[in-house]
Amino acid sequence: MARQMIRDVIRDTIDAEMARDENVIMLGEDIVGGMGSPGGPEAIGGIWGTSGGLWAKYGSDRVIDTPISESAIIGAAAGASLTGKRAIAEIMFADFIGVCMDQIWNQVAKFRYMFGGKSKCPIVIRMPYGAGYNAAPQHSQSIHAMVTAMPGLKVVMPTTAADVKGLLTTAIRDDDPVIFLEHKALYGLKGEVPDGEYLIPFGHARQVTQGDDVTILATGMMVGFAEKAAAQLAQDGIGCDLLDLRTTSPLDEEAIMDSVERTGRLLIVDEAPPRCSFATDLSALVANKAFASLKAPIEMVTGPHSPVPFARELESAYVPSPDKIVAAAVKAMSYRRG
Amino acid sequence: MQHSREALIQAYRQMKTIRVFEERLHDEIALGEIAGFTHLYAGQEACAVGVCEHLGPKDYIISTHRGHGHCIAKGCDVVGMMKEIYGSSDGLCKGKSGSMHIADINKGMLGANGIVGAGAPIAVGAGITAKSNGTVSIAFSGDGACNQGTTFEAMNMAVVLKLPVIFVFENNHYSEHTGESYAVGAESMTVRSAAFGMKAIKANGIDFFSVYDAMRELIEYCKAGNGPASIELDTERFYGHFEGDPQRYRGKGELDRLREERDCLKVFRTKVTEAKLLEGADIDAIDAEVEALIERAVVESKAAPRPTADHVLEDVYISY
Amino acid sequence: MARQMIRDVIRDTIDAEMARDENVIMLGEDIVGGMGSPGGPEAIGGIWGTSGGLWAKYGSDRVIDTPISESAIIGAAAGASLTGKRAIAEIMFADFIGVCMDQIWNQVAKFRYMFGGKSKCPIVIRMPYGAGYNAAPQHSQSIHAMVTAMPGLKVVMPTTAADVKGLLTTAIRDDDPVIFLEHKALYGLKGEVPDGEYLIPFGHARQVTQGDDVTILATGMMVGFAEKAAAQLAQDGIGCDLLDLRTTSPLDEEAIMDSVERTGRLLIVDEAPPRCSFATDLSALVANKAFASLKAPIEMVTGPHSPVPFARELESAYVPSPDKIVAAAVKAMSYRRG
Amino acid sequence: MQHSREALIQAYRQMKTIRVFEERLHDEIALGEIAGFTHLYAGQEACAVGVCEHLGPKDYIISTHRGHGHCIAKGCDVVGMMKEIYGSSDGLCKGKSGSMHIADINKGMLGANGIVGAGAPIAVGAGITAKSNGTVSIAFSGDGACNQGTTFEAMNMAVVLKLPVIFVFENNHYSEHTGESYAVGAESMTVRSAAFGMKAIKANGIDFFSVYDAMRELIEYCKAGNGPASIELDTERFYGHFEGDPQRYRGKGELDRLREERDCLKVFRTKVTEAKLLEGADIDAIDAEVEALIERAVVESKAAPRPTADHVLEDVYISY
């Protein structure tokens, strides 16, 4: 067990997999940094510090710094992965999926299906996402709903240092395409990381807190906020069953059903805007499959139907907060059928 | 042109197979036998075959919406292709793809593609693998696709990474209903490709030998580690953009003239017979063979099993 | 009142608006057809036949045929609309949003917000969508969830000839960006169209059938299927309250609530895959706001979590059918709280 | 260089305003006063001002993530910009945009843009309007953005539609941490632009007069209906890519040398004083004015009102 920052766990995990399998390669903008500059390569190692030292160790054929061309980055990673490599592509901000979505949605996600099950494309697309940096509307978005909706993709949203190691290792070794979403505000977070080989299977939620009154479902940054809220609610005698879903596709339906059947109340926390979101996805699942157990309306705490604004006051009003989560839980608890 | 008799017979058989495959599809579609959108390759055979006769299974190609010719030239099973287009569960892609997405990774054929311009970036990735194998990666594109941002990005990235990728632009002078002279603002797509920093040449896309010789040069160039190259092939499309296209954008008598003067199969036959490399009889024999093959493909396709509802959710994932 | 095919209604409506306002322009691939060809311009007038004759009437400065460059098409339409034009952009198949999503999502949808409310971008983006042509995975998709989720966009999904005229006129005159989704399989459908100027405000659902037993919500192609199902259900004495939502953003929440409060049962029909979909959006809305009225689990009939397959047998198994809708309604009716 | 005294003073004031604005931001950011990502324009002033001094409010420009200089040069209110960057509800964009999206449509400034390459297509659309107004549309891009597919598409479309669009590429030799020589595979971005079928020239991006004269020629050319043009400006970025950048990609002593030898403000001052067009005193007077303006902007920004939660849902739509 070592205590590490998430950004370092990512680099070390990629390093271990590159050492283990020579077919693993990386592509992205500035993942080496300094190519063609007076200062020379490895001047930076990724603007998020998630690939430092890898170019020096594995060279330009495996750690590939690219021009600003996201469609070509994903296309190149896809073509390499279709032909025997295992490519890890970094899109610097998840918001940039807008310029390369076709390659993800109509190519990578559909290859195997279109080709009658006769191909594999073991690609991992890493995308830093989320608000918290006052990075304004085009650099703060959460895109998990969009990719979760795409058949053919697996979608991972780790929240702890240990989970980052276990889930990224699984992602790199998975033969299906994986979207690996890293919350920007979590890169600096430290946590205990198991030594040696460590894999966490997809589709298994993590139980964060246990309780019998209300089920809270969250992912990414929202897990920590929900945990804060749960602690406060516990003081008021409200027991929260908080699940960190870890992967949105596949989804741990069983854990969700077990919990809701026990609590009868559901609260979903999602950083993204409300329409056609992952929050509505979970609500619809429960409203169909666990309706009989529901004692109260399904509550959702999400971002508003607006872009993510810049100013500190606006961004913090935009993002769900522990207080809003507490209020929603209390609302669910105080509901009485008229 | 120093080609062995076997090589010439093989090249002709491939071109003829594509031609008969497409002409037969044209008829079958008119009969309402076949569903979906089908884009026929007839007229451009010298391009696909002139390129692919140089390639082995570890060389990669990626194709377009007009992919039948590339598939056949790269060695995809013709009967399996026909079954696919007929929507059979025995089809090369189990009836999931139809005409527009046929692929056979084991043959190095990375797929026809319904998204114009999507192929070039993927070919760059195959070029990364090709570089480590000492093979090459080929991106087929059209005179319309060359204007798509993805194609430009792919060309620049291939140059930056010095990859063995060849961008083959089949200029059949139309993108759907639009003339190439309108949509390509540059003096020519070749001049434009050259300015990206790659070797860029042109060849005669209705002459197998012109395409074949030009490609030999480019493949040697790329395998020698010089980075990517591009080639523009002046060719012709004999049918509509898609089956059902009224083709009002054609000039008066244009199609008859093309069939008469710009048919790559006629050009080939004349060249090899005049040069006494093959007899008319050799060619007639291949024609008969090919006709029989396509007839069998159609008959088998009509009788082939159809997929059932439970197939819909198969092959979305390897494991989920 | 004239009886017209939807494709002709679209052309005539655009024609009327272009005649009315010289700032209205059109951009798209082959919307003229034959540019630079021996046959000459207007050889086709749009591959869907929705712009025939317009180039001849309004010329190349207003009916702009473009190269195959969807990002530049949307960008050009956006830039023109930011500076005084009202651009109508045609993306030949909605599936191609993958190559131009950034311009729609991070530019057009966010301009006004990012610019502090000091700009307007009156753009209409027309996108033919949906299955039914055996056009295979990359030419058959329904993308309404993706765009409904994007704050800043309005999303229209007309189903009748009359609604196409009323909603397209409203869209072209609207000062906000509008995504106008046309189901490919409906272009040939004929219907009565009101003469003269005809506008339908956004956010008002159309009541298709009335009934007190189960509420059915549908859009686009699914409305007709649901209507068939409702007729069959009526024979078995089940009364369906079928709403054609017309616009997914804004959404007619009031009509939905009124209906569900009356029927207590909800069935949602959606052609798209199930995850993070418009179906789940509607379900979550009701499970939160009309929970007390619900007598049964919320049923959804949607496409499966897969691409749209090619073969006839597969595509028809993929798309929701009247039979599946009937079965789901019967299920909702026969539910008894355990 | 036949410039009126007023014109020279105006040009210098604009450049100096940008410089002081950016240097002050650099200090304020170091104090933790300002949130978000900020990309400073200092060093490139001659580019923005050399271009925009030709333009009126009906001429359009679209900018990049490094937009402050373009905004100021196009006439955006400097105090309103500073307030925006400070996140005030009195800011030019009500605190919604911050540094990366500042716009003022009435001034013909269509926005800084956080998406690299997104501006060029929008400039093509403004070019459609410009064509009907007899004005021009300018797309500012960098040496990194020139490799994005959207930029290439925009260039081709502008040529096809013969629009009065000028693609201004500010080559500051870096895209984030990557050298231009690595990311641009072509011999030069100018050679590449020319091959798209447009007039493409270079100018000295640290010399206002070089930029200004070259732009006069291009604007006349575009307004005459010749279609688009492009210009590459050789210039320098004085700060990091973003504030906080360690700049390890710089050469030894590079920054000092740039400040010493390649400062467009020094170049301007030397030229105009040696040519006796302005006195040192004139310039010192402007410097003082500008310092005072920026000081006021900062003081007012710190005191300016902050937005409140109820603003979040404002301006998503005009009506909904």
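The first chain written gets the first letter, and so on, giving A, B, C and D; residue counts start at 1 in each chain.
What we mean here is this: contacts are C-beta pairs under 8 Å (C-beta built on N, C-alpha and C of every residue); 3 or more make two chains touch, one makes a residue touch a chain.
All of these numbers come straight from a predicted model, not from anything done at the bench.
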item: Centroid-based (C-alpha) most distant chain relative to chain A; value: B
item: Between chain B and chain C, centroid-to-centroid distance (C-alpha), Å; value: 36
item: Chain centre separation (chain A, chain B; CA means) in Å; value: 40
item: Of all residues in chain B, the ones touching two or more other chains; value: 95-97, 101, 113-115, 118, 147-150, 153, 156-157, 160, 182-185, 316
item: Interface hub residues of chain A, defined as touching at least two other chains; value: 67, 69, 71-72, 95-96, 98-99, 102-103, 106, 113-114, 136-138, 151-152, 304-307, 309
item: Graph class of chain-chain contacts, one of line, ring, star, complete, other; value: complete
item: Touch list for chain A against partner chain D, complex; value: 29-30, 33-40, 43-44, 47, 65, 67-69, 71-72, 95-96, 98-99, 133-139, 304-307, 309-314, 317-318
item: Complex contact set, residues of chain D against chain B; value: 147-153, 155-160, 182-187, 191-192, 194-198
item: Residues on chain A engaged by chain C in the complex (per definition of touch); value: 71, 95-99, 101-106, 109-110, 113-114, 136-138, 145-146, 148-149, 151-152, 249, 272-273, 275-281, 283-289, 291-292, 294, 296-300, 304-307, 309, 337-338
item: Chain D to chain A touching residues, read off their complex; value: 35-37, 87-89, 95-101, 113-118, 144-145, 147-150, 174-185, 246-252, 254, 306-309, 311-313, 316
item: Residues on chain A engaged by chain B in the complex (per definition of touch); value: 25, 61, 64, 66-67, 69, 71-85, 87, 102-103, 106-107, 111-120, 151-152, 154, 175-176, 250
